[in-house]
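Chain lettering (A, B, C and D) follows the sequence in which the chains are written, and residue indices restart at 1 in each chain.
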Amino acid sequence: MATLEFERELVKLREDLEEIREDRGFKGDREARISELEFELKARTTRVFAELTPWDKVQLARHPDRPHALDFIDLILTDFVEMHGDRHFGDDPAVVGGPAKLAGQRVMVIGHQKGRDTRENVRRNFGMASPEGFRKARRLMVQAEKFGMPVVTLLDIPGASPVLEAEERGQAWAIADNLLEMAGLRVPIVVVVIGEGGSGGALALGIGDRILMLEHTVYSVASPEGAASIVWRDHKFAPEAAAALKLTPPDLIELGIVDRIVPEPPGGAHIDFDAAAELLVGALEDELAALAGRDIDALVAARYEKFRSMGRGAVAPV
Amino acid sequence: MKIFGRRDRERRGPEGLWHTCRECGEMAYEREFEMAHKVCPKCGFHERLSAPERIALLLDDPEAFVQIAPRLATTDPLKFERDGLTYPEHLARYQQSSGLIEAVICGKGRLDGAEICLAVIDFRFLGASMGAVVGEKITLTVEAAMEARLPLVIVNCSGGARMQEGMLSLMQMAKTSAALRRFHDAGLLYISVMTDPTLAGVTASFASLADVIVAEPGATIGFTGRRLIEQIVKQKLPEDAQSAEFMQEHGMVDLVSPRRALKDLLGRLLNLYTGAGAPVDSPAEEAEAASVEESPEGPEAAPKVDESQPAGGQV
Amino acid sequence: MKIFGRRDRERRGPEGLWHTCRECGEMAYEREFEMAHKVCPKCGFHERLSAPERIALLLDDPEAFVQIAPRLATTDPLKFERDGLTYPEHLARYQQSSGLIEAVICGKGRLDGAEICLAVIDFRFLGASMGAVVGEKITLTVEAAMEARLPLVIVNCSGGARMQEGMLSLMQMAKTSAALRRFHDAGLLYISVMTDPTLAGVTASFASLADVIVAEPGATIGFTGRRLIEQIVKQKLPEDAQSAEFMQEHGMVDLVSPRRALKDLLGRLLNLYTGAGAPVDSPAEEAEAASVEESPEGPEAAPKVDESQPAGGQV
Amino acid sequence: MATLEFERELVKLREDLEEIREDRGFKGDREARISELEFELKARTTRVFAELTPWDKVQLARHPDRPHALDFIDLILTDFVEMHGDRHFGDDPAVVGGPAKLAGQRVMVIGHQKGRDTRENVRRNFGMASPEGFRKARRLMVQAEKFGMPVVTLLDIPGASPVLEAEERGQAWAIADNLLEMAGLRVPIVVVVIGEGGSGGALALGIGDRILMLEHTVYSVASPEGAASIVWRDHKFAPEAAAALKLTPPDLIELGIVDRIVPEPPGGAHIDFDAAAELLVGALEDELAALAGRDIDALVAARYEKFRSMGRGAVAPV
């Protein structure tokens, strides 16, 4: 388990609590002590999380222990069959997807996939998808359209793979094709940022009828480090950039980009996968149910209008 | 808004001045360089053109270009500030140095007789980064072309997203792509011209979502910038990596066209794909003129351009 | 025509006989080998199945399989002869040794409760080469599935074109692909199962034109055969080149499924993509059963299979 | 210039004729001698060509001096703009294509392209197309459909590239996708075999409303060498295979696969490119004019029926 700086006191408390819970020979009023510690943990968690800076929030969204796409797929879906390959060049382990059921309903789920340990991270390129990954995603979206399955995407990517091989195979083209495809896809699409929504690589799975963010995630035009390099000409200004970029869920609700924040259990999704999954599945059931009844032409038209209007408040004649 | 101001005329440079090439370092008469549309007469290096220069290069009658949303400017949605400099102050500097309100000029005009919607992005304006205004104006141009069922030509160029507008900048990729989805579904032609540099979010949205992609020689084209790639892989990239020629070899670009042939090429493509306009016959084709004229729709489909109108002339 | 003849029953082998694995050379009880659907219990090698064996493996009630065009045979359109042996004579040998009239068996049946059209190609018949009969029967099966709006499953396998039918053989690629174009345009599901070997014209037409491609472990899959590639490039190919696993890694195949899991996988896919049939719940899913039952269409979409009907049983 | 065995006597006569035509100081009745030689050449050409075996015809179809796709494109079309790339991996020089005009009419022309000399042949892989080539072709076909341009394809390929790299990038998938695409393409398609129509690689450009063959071309399920290896278990039986495979234009007319034979000038297209091009352009104008008036639904339905019926005579119930 990795521990972020601001998590330390909470981790300590959780350990104390765990210890006392298992210590049947505890001298004194064990139940009272447990209650006390639970209250303390709750209060401190609230306080610590209330004081997080945008840069802290970036760290939290990148927390190595957070549930990744396949974790959520395991917990919220049944019958998932992972499909592979772009039918052109390869299979990208940094993008996963396939048909599954959500509360008995057929869906196509597609997500960015980070690794849990070093070995898996190397295989999955630390979640930095290649053109093949985006093209696999597109193939599955087209399938979802053909078979009338709503699409659920799970976004969690530092950024699209930044290597020459990805350039050679048309990284930009692969992303753009997905934007075009999703804009007109004739099935409902629900997008969920489950971790780090990084730039064009995130957006390549990010066009939908409803855009959700888990509570402790970020979604940004560029990594704060990258933005700092560009604007401050030094990546050390990442904390400043994180603050300036407005990348947290409440910021993005205010900017009209995100529709809904899905709460996480106290301390974050990585503290309790099951609770996080339960909160997510509830939100997804809501959203899919609301979209299911919509006329498809109206749905696609509304999706167009949704993205068409983004940034409208940021322009004015002079 | 006037596109062609005093500054543009001044940039032609009086006779006798010299231009030093960024690529080969050789000197050439400024006037000769300008007459060649800023292509180095020594090494063929294609210097960047401003949007007004590009419009002058491409349109039959640049002064007749009717702009779309010429006075649209960005507000400051994120209240972005860096080292005490606000985003509006930052923008003002670029507006003054470039004479532009934003990084793109859009409108309707004629190219080899074909009526088109044209958008041209200008690198001088904040590195042609894509903010809400660029996204909005490109989208308005796509929609105008769709409304009038006209071919669309975009002369692309961009260093990437406009950091100062955060996620609103990223969402311009979604917005422009959605507009192009409708445009393509309507069966219309979009030709993308990729000029130096075409990178990041612009390449990963409207720049690459074209029926035909033409690139200028030597233009840098890609998603991730060279510097970042070199940082990550910790080695130098080959000199030609991400060049227009490299991207053509890797299947991403249809054609690399020297600037002097660009207008003719676009005219010919417009005519071939849509029947619009009048391609200027190349010598090789004049030999075939007889068979073209035998076709019932030959003459109508290909009216001669008014010869008194200089093709690709400068204003 | 009866699919399951005396020969098929005999092939099960009496107790006590031994089977030697083609791959690892180890011996196993013939009966154990047959019970494992011809997967070597020592090394996992998947021996080829005959079409009747495959149908028995996949269908809920193999005896209820209703064949399409079971008695269709080839004529001799090219009057092909080699070393005094006519094509009909050549065919007769294969008909006798395999008990089949041609290399494919097609029809309608049920898989995990889902009604499907199923075609199975048999390597024993002239290397499962594609002649006019294979093309015609596959096409008839595609058309039957389209007519009845049923999912289509083809268990593919082929060494290539049927030389003895010349260009008529090549044109079966065109014919089957054209039928699949209509099938896909009608929004229907086609699952291709690629078994050892799936090569040449069959891969380059109906075998790969599927929504989902499942391959058997170790199956050779490709266009050009290994021997020809090695002749041309004058070096040995890596051992795993063109294997199912290799093709999955290169993005061409969705899944590699061991034979014992194949029927369940197909049942699940049929259910997921079309809502048809009843997936057998895996233990992991039983934990989720409650939420499934909450769904209004849950119970209807997933009726239980009659447990008295052995799944994937042998006949 | 390459000379095939059976061409030798004709080449000699042509040289004699050329010599005497240029020899202004010829002693005797020069005009009469020229007439005599011309008559002789014509008669011998007729005789030699009448006696060609199927194997000879294969050699003729592969004649290195034959006009290739770009030669015909130069001679029969105007305004051709060659388009490049599959937008996924690369640009295959063994397939060329782009929009052009044929007698003033907009068409999309796509062809296999062999090289003329060793250097060009290396670059174009001796005309053996890679998956990228077939995918470029498909991209152009889809464009032709979008912009209402009839498609003309020129077939000339020994076979699709038989290397492992082509397998890795899905050679079979690329070919199959083209068959699917062409089967339903909503513009007229005219296919012309201009040289060697080899196997699946040829068929990948070969689905159309009208299938034409130049007089001295072949179209075969496999190379005779390949077929001999398979059936006779020795590629040296290629001449026997060539005879057995029924790969000449008249054979294929009889089998109902080919619609029309386009004559070539005496001695073959390689003797006179201009004359060959004139004969081809005439045929194409005919064919395109006949197809232009057709209702597109009816056209696609007829195309389906055309290929649906192929081999129908080769099957019967027993």
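Quick notes on this structure:
Criterion: a residue touches a chain if its C-beta (ideal position, glycine included) is under 8 Å from a C-beta of that chain, and two chains touch if they have at least 3 such contacts.
Please read all numbers here as calculations on a predicted model, not as lab measurements.
When you average the Cα atoms of each chain and compare centres, the chain farthest from chain C turns out to be B. With centres taken as mean Cα positions, chain C sits 53 Å from chain B.
In this assembly, the C-alpha centroid of chain A lies 40 Å from the C-alpha centroid of chain C. Chain centres here are Cα averages; for chain C and chain D they lie 36 Å apart. Chain contacts: chain A has residues 87-89, 169-170, 173 touching two or more partner chains. For chain B, residues touching at least two other chains, in rising order: 184, 250-252. By the contact rule set out at the top, the touching chain pairs are A-B, A-C, A-D, B-D, C-D.
Contact residues on chain B toward chain D in their complex (touch as defined above): 184, 187, 189, 211-212, 248-255, 265, 268-269, 271-275, 279, 285, 288, 291-298, 301-302. By the touch criterion stated above, chain D contacts chain B in their complex at residues 78-79, 81-91, 99-101, 103-106, 132, 136, 143, 146-147, 149. The part of chain A that touches chain B in the complex is made up of residues 160, 162-164, 166-173, 175-177, 179-180, 183-184, 199-200, 203-204, 206-207, 219-222, 226-227, 230-232, 240-241, 244-247, 252, 255, 257, 303-304, 307-308, 310-318. The touching residues of chain C, counted against chain D in their complex, run 69, 71-75, 77-78, 80-83, 101, 131-133, 135-136, 139, 160-161, 163-175, 177-182, 184-185, 200-201, 203-209, 222-224, 228-229, 232-233, 237, 241-242, 250-252. The residues of chain D lying in touch with chain A in their complex are 87-89, 131, 135, 169-170, 173.
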